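Mind looking over this structure? Questions follow.
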Amino acid sequence: MDKLRVALLGATGMVGQRFVKLLENHEMFELSVLAASPSSAGKKYQDAAHWCIEGEVPEKFGEMTVVKADLENVKKEDNVDFVFSALPSDVARIVEAEFAKAGIPVISDASAYRMEEDVPILIPEVNPDHLELVKKQSNRGWRSFIVTNPNCTSNVLILALKPLQENFGIKRVIVSTMQSLSGAGWFGVTSMAILDNILPYIKNEEEKVEREALKIMGEFDGSKIIPAEFKISASCHRVNVLEGHTEAVFVELKSKADPKQVIEAMKNFRGRPQELNLPTAPENPIIVRMEADRPQPRLDRYAGNGMSVVVGRIRSDTVLDNGIKFVLVGHNTIRGAAGNAVLNAELAVREGYL
Amino acid sequence: MDKLRVALLGATGMVGQRFVKLLENHEMFELSVLAASPSSAGKKYQDAAHWCIEGEVPEKFGEMTVVKADLENVKKEDNVDFVFSALPSDVARIVEAEFAKAGIPVISDASAYRMEEDVPILIPEVNPDHLELVKKQSNRGWRSFIVTNPNCTSNVLILALKPLQENFGIKRVIVSTMQSLSGAGWFGVTSMAILDNILPYIKNEEEKVEREALKIMGEFDGSKIIPAEFKISASCHRVNVLEGHTEAVFVELKSKADPKQVIEAMKNFRGRPQELNLPTAPENPIIVRMEADRPQPRLDRYAGNGMSVVVGRIRSDTVLDNGIKFVLVGHNTIRGAAGNAVLNAELAVREGYL
Amino acid sequence: MDKLRVALLGATGMVGQRFVKLLENHEMFELSVLAASPSSAGKKYQDAAHWCIEGEVPEKFGEMTVVKADLENVKKEDNVDFVFSALPSDVARIVEAEFAKAGIPVISDASAYRMEEDVPILIPEVNPDHLELVKKQSNRGWRSFIVTNPNCTSNVLILALKPLQENFGIKRVIVSTMQSLSGAGWFGVTSMAILDNILPYIKNEEEKVEREALKIMGEFDGSKIIPAEFKISASCHRVNVLEGHTEAVFVELKSKADPKQVIEAMKNFRGRPQELNLPTAPENPIIVRMEADRPQPRLDRYAGNGMSVVVGRIRSDTVLDNGIKFVLVGHNTIRGAAGNAVLNAELAVREGYL
Amino acid sequence: MDKLRVALLGATGMVGQRFVKLLENHEMFELSVLAASPSSAGKKYQDAAHWCIEGEVPEKFGEMTVVKADLENVKKEDNVDFVFSALPSDVARIVEAEFAKAGIPVISDASAYRMEEDVPILIPEVNPDHLELVKKQSNRGWRSFIVTNPNCTSNVLILALKPLQENFGIKRVIVSTMQSLSGAGWFGVTSMAILDNILPYIKNEEEKVEREALKIMGEFDGSKIIPAEFKISASCHRVNVLEGHTEAVFVELKSKADPKQVIEAMKNFRGRPQELNLPTAPENPIIVRMEADRPQPRLDRYAGNGMSVVVGRIRSDTVLDNGIKFVLVGHNTIRGAAGNAVLNAELAVREGYL
């Protein structure tokens, strides 16, 4: 198979850099256009991007010239098969529609279209069937479509909840997060704010977590998504950790399950990407650690190349009926952002959408 | 009034140092004996203690010779009116009993006797009437008594819960903690373990929180404590913060209350120490912050000289019935340890027990 | 004596906040005008300043309205006797001259005028006689004058060098710094850049250190400053410390001195502020610690209320002739900025310049 | 070629773990015995070692049983060709001699024998000819020999100095270090000591740096090492960085060189391991970065798989005659410890000593 040619919108930011790294030697996709804001356009990628993730700028991209992230400039550069978007939400709203309208599919990490009725928020292991929803977007007069990613915190949480929903049913979820700095972007948290400290507030984060989970874990009836019916409440906090979100999760199940059963359900969980053996799919979407003091973000964030969620401390909770509590760690800019989008694109190819 | 003479058992550790600082110029107590483990005995305090809290060793104590922390050696040094204990739990079990038996009251921060039926765990603002329980200890053949402190995490949590219990009733509590390094003691957490990391496990901590709250918030019927009947579940985590525990709390109230009412209840909360105007009592046991991003441990841990709990982000929780969620910060080695014990002693004096 | 009325230009930044705190209850100065950039003008101080140093906004200033930091607006507000300036350098160049021209003295922490021939860079313990240089500024047609502060890194270094210069003479100085985050301002260093890291470069810092030391330690011959003749070389690095600069210093003395003599010289060092008993003068400009592992920034930065430099590890250096090496810690935003400026103003009052 | 069979003494500590990782798939060596202290002996490696470096315990070693680190127990386990030693210095002194005496070569990272006259401290790129010195050890009645590693701080410093010595000659060196936590071992620095702090003292470190450099950079005249004649002075400090030592270096050259010439000399520097194309040899022993703000430990410590030293900020120094100053970063437990020892062993094989 020839590789699909793809443009990356928002190539210079932190999530953009993760995309670049994941696409460096991708077997299905050829990253042929790096696009970003007007201030970066015209510069070499290595000069435009303040490279801040491990390793160096991949050699093949360092010398590539960045173009402005809009339809006209991207098309001038290359006749791409689809685009990845890591644009800021306000820009994404305009630019992503432009591409979809013009017949170029958009696999997006931006939040702009997430909650639109005809746009799926996709986690390939969780709700691959929601992909079909994109067909409804033709009603907008678009010749192609947009698929979105969940918020990073939701993403890794939902992965861990999915086998519980499947096996035991979920009634209520309470989650308290300890989120890494990279979730706020390179300039998001100043060092003086976080040294020897915790920030107990992340703007709009709790709302996103509470909203997106029900949509993603909802049912697609062939024409629309019927949200899941459980209740979810979040308290979101920023801690002095570079990468990797940690979440303490309390779940009320519909039917009783002891920790052993939960461990089994999580360990055995596989999804469509594992069935299809997609290139970016981790062998285990969930890795269960049995040590008393795991998961830890610094040690566990790169499990499954950053695509697995690591769960530990699975134990009974006596406050909620059929209660279970556990702690999870997931890589917020890989599984929670660029990696999930790449996996979405891989799924879309195999399912005939790209 | 002449000052009461007091010995400090366990004077060299982190909590011991907090005691020393709080007692430097205390209007009711004269710290006349510094006692510690055999390896410290015979040394000057400034040499025995690896002083690690802000400021320097108080001058009047630096040159004092440390004695072995047992009845014989303390008595040889001075005829003290009572003792503070910051001993390790296993040592405390033996030594504290020795003092109580010999007629010397023990105001303890150790966990050894906390869960004994005839020993109160006291937070002066929360359950001052439990102090009377010490009379039962004469059944042990003791001429005096032991009063204990809660675990640091419980202490600051319970202070925040008390006005909710009083005003609205409590049915369930879920708490996820982000605890500071000092809670583990000076050598408790090695730097390589916690830099760019979170430890999702603190030995025995969740059990302590779940157990102590019900006893402290229970009712004393004149002869025994009837535990409170709500349910409580904790998930405890260590973060890279020097001092000050942060806790995300989710509460199901018995009767509905909106955030405004909760704010009022917390703001107006006063206890017996405030009535009696005890020297170490903070003006407000709970300080409510209205900013979106408070409380923060580095900024708020010293509120009320480390004796107030700072609560923020009070908002409705939609998962629990009559749900309320909030974030709190409290100083774990002052309010959560030495400061609460000193306040216990002040209460005991005014109530005629010392 | 009536208090002098003073305006603070640049009141909202980190150094501005230090000024506000130092002037809260000052016995000689009444802070009557808080001035800042146009974007802050018109707001209450507590809303305009993102208060980020320990404690809360002093009550008397919180409700004060901030005015625009220029001559017209400050004069409209109050007829001040002089101004403190913590303005950014480019703004300072214009605004400070405006005040000096109009007859209002400027005690500045900005770098704009430091290297001008007729402007002293003043450390009251080091070169109080340089104050007279301000008389030369009348040649500019100014009715009053500007006095400047050194760069924070230079300030604490020069304090430690002064007794060496006085007692033994200095030939060469090599200094390697480990500078705190606050030196770069609240937004100066993003958290992702410095966690688990060191930044080995601070723009223009080495040049400032190398240039300012020779001027400050030079001789004023009644009409101009003849720079000191020793050589100085710096390597400046940023580390993950909140406040307090640490510097490793290697000095070649003119005449041989063993560590004991150096210790004595530093301990005995007193300057004009100590003679005059100025309110902000620390008892000891230099505090020598004899422990093997001091000074440490977290433990020593507030020595002498942040106005003392703490020196330790004084030992011989075998590479330089008559070599001595030591480590120092100084508070960069107190002694290195606002505190030194306040001390400059106190000196100027007592010497009849204000 | 058959792989040489090797035992690792001190397999459970941090440096031991680095050895294990480097030897997991080594083309020349088969790690067949894991040996450690009596308290670890008899346990599976994965239980005995508190694995604390990135990734997981290599599968092939996890289930291996640890034996006691002495001659008898190692020999019982396997007839090894040589041993690596990461033993504590006091144990090393006895045990390493035991092996050497018995005819089993020891490639050591311990400091015990470093300064012995007949024992080389080897950096393969710097003084490969010193290896011959081991022949002198037969005078001890040993049937085999010990080769040692430099201290980690010395190692990375000397690598950067070598091309300067070769090309321009060195007269004086002043170095100020910012050393990582791992240099002190897993339990070496408690978190409360280093958060928001710097420790300005590392026991014996300055002495080691000053002593070892002259031996390593000295000349081997066929029978003994004549120490290099330049002077060196160090000030060593611990900072809150996980891995990677940063050093600010000031050098007085014998003959004048501008920064460009120094950059060229460092870039072009290659040693015997590069000639021989040894498996663990980095392509470039020194990597020169031209950006103003490099090297940084978090970004640069894994350059050349942790075997390269990264140098930046090469500039003139005006204090020293023919002065040059620069900053370097090197991985202290790879190049500075286990990696250098593995490279020593590779060199010893190719040169016919193993």
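Each chain carries a letter (A, B, C and D) given by its place in the written order, and its residues are counted from 1.
The rule is short, and it goes like this: contacts are C-beta pairs under 8 Å (C-beta built on N, C-alpha and C of every residue); 3 or more make two chains touch, one makes a residue touch a chain.
What you are looking at is a predicted structure, and each value in this text was computed from that prediction instead of being measured.
More contacting C-beta pairs link the chains of A-C than the other of the two pairs A-C and B-C. Most remote from chain B, judged by the distance between CA-atom centroids, is D.
Mean C-alpha position of chain C lies 42 Å from that of chain D. In whole angstrom, the spacing between the mean C-alpha positions of chain A and chain C is 48. The geometric centre of chain B is 42 Å away from that of chain C, both derived from CA atoms. Residue positions of chain B touching 2 or more other chains: 195-196, 240-242, 299.
Chain C makes touch with chain A in their complex at residues 52, 181-182, 186-196, 240-242. Residues 54, 195-196, 299, 302 of chain C are the ones that touch chain B when the two sit in their complex. The part of chain D that touches chain C in the complex is made up of residues 172-174, 176, 178, 195-201, 203, 210, 231-233, 235, 237, 239-242, 246, 248, 250, 292-299, 312-313, 317-320, 323, 325, 327.
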